[in-house]
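All remarks here apply to the structure that follows.
Each chain carries a letter (A, B, C, D and E) given by its place in the written order, and its residues are counted from 1.
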Amino acid sequence: MSEKDMNDKVNEMLQRSETNVKKAEKTFIHPEDEEREVVAPDGSIIKINPIYDYFSNEKPTEEKPCSGVIEKFLNWARAESIWVLGFGTGCGSIEIPPLVTPRFDMFRFGVQMRPTPRQSNAFIISGYLSVKTLKRVIRTYEQMPSPKYILALGSCTINGGMYYDSYSTINRLDKYIPVDVYIAGCMPRPEALLAGFMKLKELIKEGKGEKANEYARNFDEYKANQKKIIKDWNMPDYNW
Amino acid sequence: MINKFLGFEPDKEKLPSLTAKIGDDIDLSSHKYQKIWLGPNHPGVTGNMSVELWVQGNTVVKAKTHVGYLHRGFEKLIERRLFVQGFPTSIRMCVAEPDTNEYLIATCTEQLSGYDKAVPEMAKWLRMLSLEMARLQGLLRGVPGQGGTFALGLGVQWGVYLRDLILDRFEELTGARVYHMYIIPGGVRGLLPDGFKERMEDNLRDIDDFIIRIRRLMFHNSVFKKRAKGLAIVTPEMVDKYGIVGTTARGCGVKRDVRKDDPYLHYEQLDFDPPTDTDGDVYARTWVRWQELIQTVDLIRQIMAKMPDKGDIKTPMPNVLHWKIPKGETYVRLESGRGEYGMYYVTDGSDKPRRVNLRGPSYTHAIALLEDLLVGADVADVHGIMVSLQTCPPEIER
Amino acid sequence: MKELINKLSKDFNITDAVYQRPSLTFVTVPKGVAISLVTDLRDYEGYSHFVMMSCVDWIEEGKFQLLYLLHNPETKTDIGVKTFIDRENAEMASAHHLWKQVWTYQRELKEAFGIDFPGSPRVDEDFVVEGWVEMPHMRRDFDTKEYSENTYFPRPGRETNDPATYMRKKLYPNEPITAKKQDNDK
Amino acid sequence: MTIYAKLGYTLLGLFIVLNWGFLMGATFRKIGARLAGRYGIPFYQPWLNLLKNISIRTTITHGIMYYIGPVFRLTGGVGLFLFMPMVFTGSPNGLWTNFSFEGDLILILYFQVFGMLGMALGAGQGGHPYSAMGIARGLAQHAAVELPLTLAFLSIAIQFDTFSVYKIVEAQQGGFENWILFTNPFAAATIILAMLGAMGHSPFNLVKAPNEILIGPATEFEGTYLGFMQSAGSILHVMEAVLFMNLVFGGANSWIELIVKTFLIYFWSVFVGMVFPRFKIEQSVTWFFKVPLLLGFLAIIIYSL
Amino acid sequence: MPFTAWSKVVKEPVTIKDPLNREAAPRYRGFHDNDVDECIGCGTCEAICENEAIDLVPVDGIETKDGDSGLRPKIDYGRCCWCALCVDICTTNSLRLTNEYKWIDTDPDNFRFVPGVDKKDWYDKKDGWRKPEPNYEFYGLKRVEMGELHPEERDDSFIEMIQGYSKEQAEAEADRCVECGICTATCPAHMGIPEYIKAIRNDDLEEGLRILYDTNPLPEICGRICTHKCETVCTMGHKGDPISIRWLKRYIADQNPSEKYKKILETDKLTKNGKKVAIIGSGPAGLSAAYYLSLLGYDIEIFEKLAEAGGMMRFGIPEYRLPYDQIDKDVNYILSLGVKIHYNTTIGKDITLEKLNEDFDAVFAGTGLHLGRSTRIEGTEHKHVYQSIELLRKITEGEEIHVPEKIVVIGGGNVAMDITRSLARLQKIKYGKVQVTATSLETEEKMPADREEVVEAREEGCVVNPGWSPQRIEIVDGKIKGLHVVQCLSLFDETGNFNPQCNMKNENFFEADMVVESIGQGMDLSYISEPTKEHLEMGPRGRIKVNDYFQTSVGWLFMGGDTIQGPDVIHGIANGHKAAVGIDNFLTKK
């Protein structure tokens, strides 16, 4: 890629980043995250904007499902092999250990835990999300490969729950990321969580588990909501 | 010896010492160090928190604990809630052992309003039962969990299953699995259901069996010993310096147990002696906790034998909707599975508290102590050290 | 306990002592004396276990109340050293040199109440909140509910009725009623 | 037999090995689950996982080596398979001897490292520090395992005067008393101990180490690549077991025998792995440098005398 | 050896086979259910919910009526934390939690429902959390006992028997209130009951007095003899005793000294608007109208037939229930606002209604029911057959009355009890013993008199023997011998008309020297002169038709009180207040 092309691309990317994001950056930006010019190993000067990358302002691509029977078959496989990200975002995660241990044993239903977002399809938002965690959750969600599913536990994700008046926790999860299945309870019992997985399987088999594409379609709206409350977009390296 | 020969044993003298000033900057651009993050999305952190590590090879040279991922502002929220509304909020301050929070907030309100003498006898025994059951379920997760940190997942599987049985008993007694919301100002919310003691005794027998099995699995295990012995040593001199409490202090021979030091409820009527060990390393702490597991089972048996069959569960109190407590302040503590757990409570004469401040053991263990203990440790041991200090992030940030 | 307080009050300007429980006493001292009293208690009276540090916002009086709670493992007693500092430009001498965990408390208080502790390590770092631009969140004048409603989109579509008002609307819309109630209805 | 028929049988064998790998993996997870007191995954779960992984739509890239990593790993597994005689039929050109040839033991030793090296490249380009840490541990441990293992191999080679796996198997025919397990107990002991490291179960599963370094080298891999890696892993597990079967336990005379023997050999590492925690890397390496290395030297010394 | 763990491998798994249909514990706090018929929509659940999860919403098919707001709790499962405080505090025990716990949905807006109304499949579950028993309450169920004189202390004098609450007692009683406000609708005057109870709790009695005077200018009187319809609907009454709202009102009035009233109520200076209103009768309706009109700046003149103000309150209620100095306290305060009162002035005799119309801008008639009704049975013409109302007035006026040794009182209302107990006191003074029998048509349960009145009458030695229909008074030699009665079976026929059915075979005879009839009062409208009467539209049962503001068809004439709504102080007060608003509207529009 020539220098000119590179510069054009960078400029194009910068134009796409929105103005209010920049405003937020002004107050909370680490020196190493500042937009700046660096000398590439080949001697050319390129502009970099780390915040832009962390921020994932890049609109995700909408990935079309395959057609007909093939998609149905793949959906069946997806439904029977759900890999859940092991990220306990809130207190509901205390009910995950019973699920992976003898009492409830969700492995027999094809549900397993994975430690990294790259390999997970399902994300259990286990209750309230503080803004600090939300930032990580969004990044994690964007790291997860499509198709991906979100299970939201408890009152907190629906309308704020106990923490409806807290300055630190969000009230409605669906404003920030699309949610497939809500499970009522504070916190939901493991049995309810299993029932939620069953519902998720049903949805996937019916071809309704396409919330990742919805996120891509309404990306601007979701991002605008996220930016409203997350002021500090500095993201430490390798932190999900 | 062979380690030294092969160069695997880090030369501690070259690393920042424990006494180094906090905040010593490490020059990452020197390419001698790497910065890695453990968490918040990491199976190796307890709960939703993260540790920022500066490593040299496999060795941690600096660590910073980052909390706040679970911050909900409980103390602020309770300031907005009536005295009776405090307990559902407070119980969520630590999910690992929730009953302790209920007890603290109930006792604080009772002490300041003068109802602490009026709590019925039956309610006191039931409170003790629920507190000990909470300790038991915490230990059933925690003791094998220490093995789990070193990838011995089997004990965790057994332990969590048995914990689930205790949660079933909790469900029968209190109406909920995890957030029991059982201890309220003035008493408790229900008598023992029929046949509770028999079912509990069945579970305790299972747990007795488990205790023996876990001893064989963990404490007779050469690899576990190799991993845990000599790891993250807490010396008795450090106890007061860092504010170390509970099993962590008992693991190095300093006997600190609120149940003995400042007896509350009817603990002076029970026959027990908090276990101690002298080494102060991860193994000693786990060993103390394992002994405490035996002791807790025994305590539950003692409580069930000594408690009355029936009685009042709640003292009559003013209408909760407009209950006001005169101006005052108090500090109430109890011994949780993790150590001294206390609450500072200030009232100003209105129907809501002025200030609630929780003092969780993790507050000191997981920040000041952990950051210092991690220096010089192996990356692989970070999780083990965190669990051995019984880190519970929600009680740090609340 | 009483003897100890009497003894201490000879040397320190103890303005108030409250005996909450036989084993728990709160003493109030002026701002300048607090750290030296805490040091004295730690070094000479055996109050070697630092339990906690806390702050109460007495907004009506324009004061922050700082509390250092110490425990004596030998006598099993607690003593809380209280001191009042001004709410405006609140600042207190740091005690991080006394115990290892104190700086954590001071860091939290700096974030939650805006009290500065000059010299305390990492006191300016974020503790629990990230990207916070409002006033310190634990201050009494910060209205968390209002903030939450304005920031976090509560789910719309809820409405409630006060039984008394609703019954009036239904049963006796035109009757004269208490002025106070009328105010509430508005 | 024409080369095409040979190729056909080899591919069929690979298919069997892959499926047996999946089934064996699932079975051992079920056994592990049973030990914990639960039912565990269904037997068909690995196939579903593979399908699921293939059905993932997103593809990310960290550069060309990132793609090649899983391919290398698969190549390592397949390479191991290609030069490994599977079922002893009495003829070096038998149906299931694949492309075994004189000196294939050396090639097999190389292929064992090959997958690991490929992963190192892929994980390295993945850019995740935990990937890098995982693969660094993996290589260090592998080196520690290879040393006693190579000594044991050498001892066996000296014993039978050949580097051909087929010949080693042939030499063990005619009853279990001819197995190297009994004819060369020191080499066998070395292999049995070193095998624990090669199989990658606890206490030597430092490469993946879920609660230390996420999932190690595979941290950044997803979708089809992950499917590749897991398939390759299954093949590798079976092939390692087949290798040790051929070298120590007398090879197999039929597929049934192969399946039973690989199952039992694999079970050994599970038997240890389920009840032991994980070593740290320096502990692991020192462990291999103590007993297995000593035994390996003994085996060499005894047979070279 | 860790390998011993492998012995587990042969054991059967402990996994729950079908976790999806697992029943929770009997005490589990699952999803809500509400018995909508029991529920009264008091909103206490909403008040206790720390998460603001509960809304009160109107529900189809449930009418708003006395004692039921017609609202039902709607729960937001985006807020609920399943603490079950709403269940524990529920005043009717209608709310409960079932042990169902599974609710999966894809739409977050669905998690709101009205338990018991919206169809959910867990209502048939019988298990779940209910309020723990016993002795587990979030408020006092028992009323704070009111101190009263013992029967032997009180039965020979007319000193007040109810002693009133002390500060502690009043605060304890006020503390029981849950501030639902359902009583406000039932109170005819719609007093701010929760608000003044709150003032008692806050120990702000001046605020309490202000709230009282917003809707009721006779708190001392009402605090003693109000029929407290509010207490019949009090939410606390569903599980325990209703709040003694009446005594609390009295407590506020008692604790505020009369000389401070003007300052507290800020009525030191009232600006006059120059208009004049005449008020006939100084009963509750008249006084109430006078008070509120004078607050609005009108010049008020009251015309009272008798020598003292208070009407029925003074002359119809015995002193032991309502001491005269307390009446004076309320009345004097009203008079102190500049209200003129003309005693011993009878309209129609001393001054005509037309004259009032000429002199004043409007007239409010709050005349009471001063005529006794008679049973018209045989023998009622006898001179020792009295009307209770007449006797009570005479007792108040201090006139000597005939008190023989044996007396029968016919009637089961409060007035009958008043006269019974007054006569008993007189008997006690005169003879040292009591021999009064009260009988009524209604059976014991249906007696219109307040329960405590009957109980206290019996404590004082009276015989209350209800369920008898009087037949005739036996008179021998011009002297009353007694009253013949038969058993009364029912009072009303199916259509609801008054039509007593008797069992003639079951007879009884009450010996007596004197019979007092106390079966109701009639109104005396003789003061309305012909020219006005012609224009007056009449309603059913011979009552005068008035509009919402108690304005008669004549326009300038407003009527209220007992003549319009039956005998009740609080109704009179409410009428007076409303009429005052009506008069103000009428005059400002003119």
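Note that a residue touches a chain if its C-beta (ideal position, glycine included) is under 8 Å from a C-beta of that chain, and two chains touch if they have at least 3 such contacts.
Because the structure is predicted, anything quoted here is derived from the model rather than measured.
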| item | value |
| --- | --- |
| Third chains touching both chain B and chain A | C, D, E |
| Smallest number of contact steps required from chain D to reach chain E | 1 |
| Co-neighbours of chain E and chain B - touch as defined | A, C, D |
| Reference chain A; chain at largest CA-centroid distance | E |
| Chain centroid nearest the full-protein CA centroid | B |
| Between C-E and A-C, the pair joined by more C-beta contacts | C-E |
| Longest centre-to-centre distance from chain B, chain (CA-based) | E |
| Separation of chain B from chain C, taking each centre as the mean of its C-alpha atoms, in whole Å | 24 |
| Separation of mean Cα positions, chain E and chain A [Å, integer] | 62 |
| Between chain D and chain A, distance of the C-alpha-averaged centres to the nearest whole Å | 36 |
| CA centroid of chain B to CA centroid of chain D, Å | 43 |
| Contacts with 2+ other chains: residues of chain A | 101-103, 105, 108, 115, 132, 158-160, 162, 164-169, 172, 186, 189, 238 |
| Multi-chain contact sites of chain B, meaning residues that touch two or more partners | 36, 42-43, 68, 71, 73, 76-77, 80, 88-89, 154, 157-158, 161, 179, 217, 221 |
| Two or more partner chains touched - positions in chain E | 2, 5, 13-15, 24, 50, 76, 78, 81-82, 108 |
| Pairs of chains, among all present, that meet the touch criterion | A-B, A-C, A-D, A-E, B-C, B-D, B-E, C-E, D-E |
| Residues of chain C touching chain A in the complex | 128-134, 137, 142, 144-145, 147-149, 151-155 |
| For the chain A and chain B complex, residues of the former touching the latter | 85-91, 93-95, 97-98, 101-103, 115, 117, 128, 130, 132-133, 136, 140, 162-163, 165-169, 186-187, 189, 236-240 |
| Residue numbers on chain B that touch chain C, as the complex places them | 21-23, 67-68, 71, 73, 75-77, 79-80, 111, 240-243, 256, 261-262, 328-331, 333, 340, 342, 344, 346, 354-355, 357, 359, 363-364, 367-369, 372, 397 |
| Chain D partner contacts - residues on chain A that touch it in the complex | 63, 74-75, 77-78, 80-81, 83, 101-102, 105, 107-108, 110, 112, 114-116, 118-119, 121, 145-147, 238 |
| Chain E partner contacts - residues on chain C that touch it in the complex | 155, 157-168, 170-172, 174-181 |
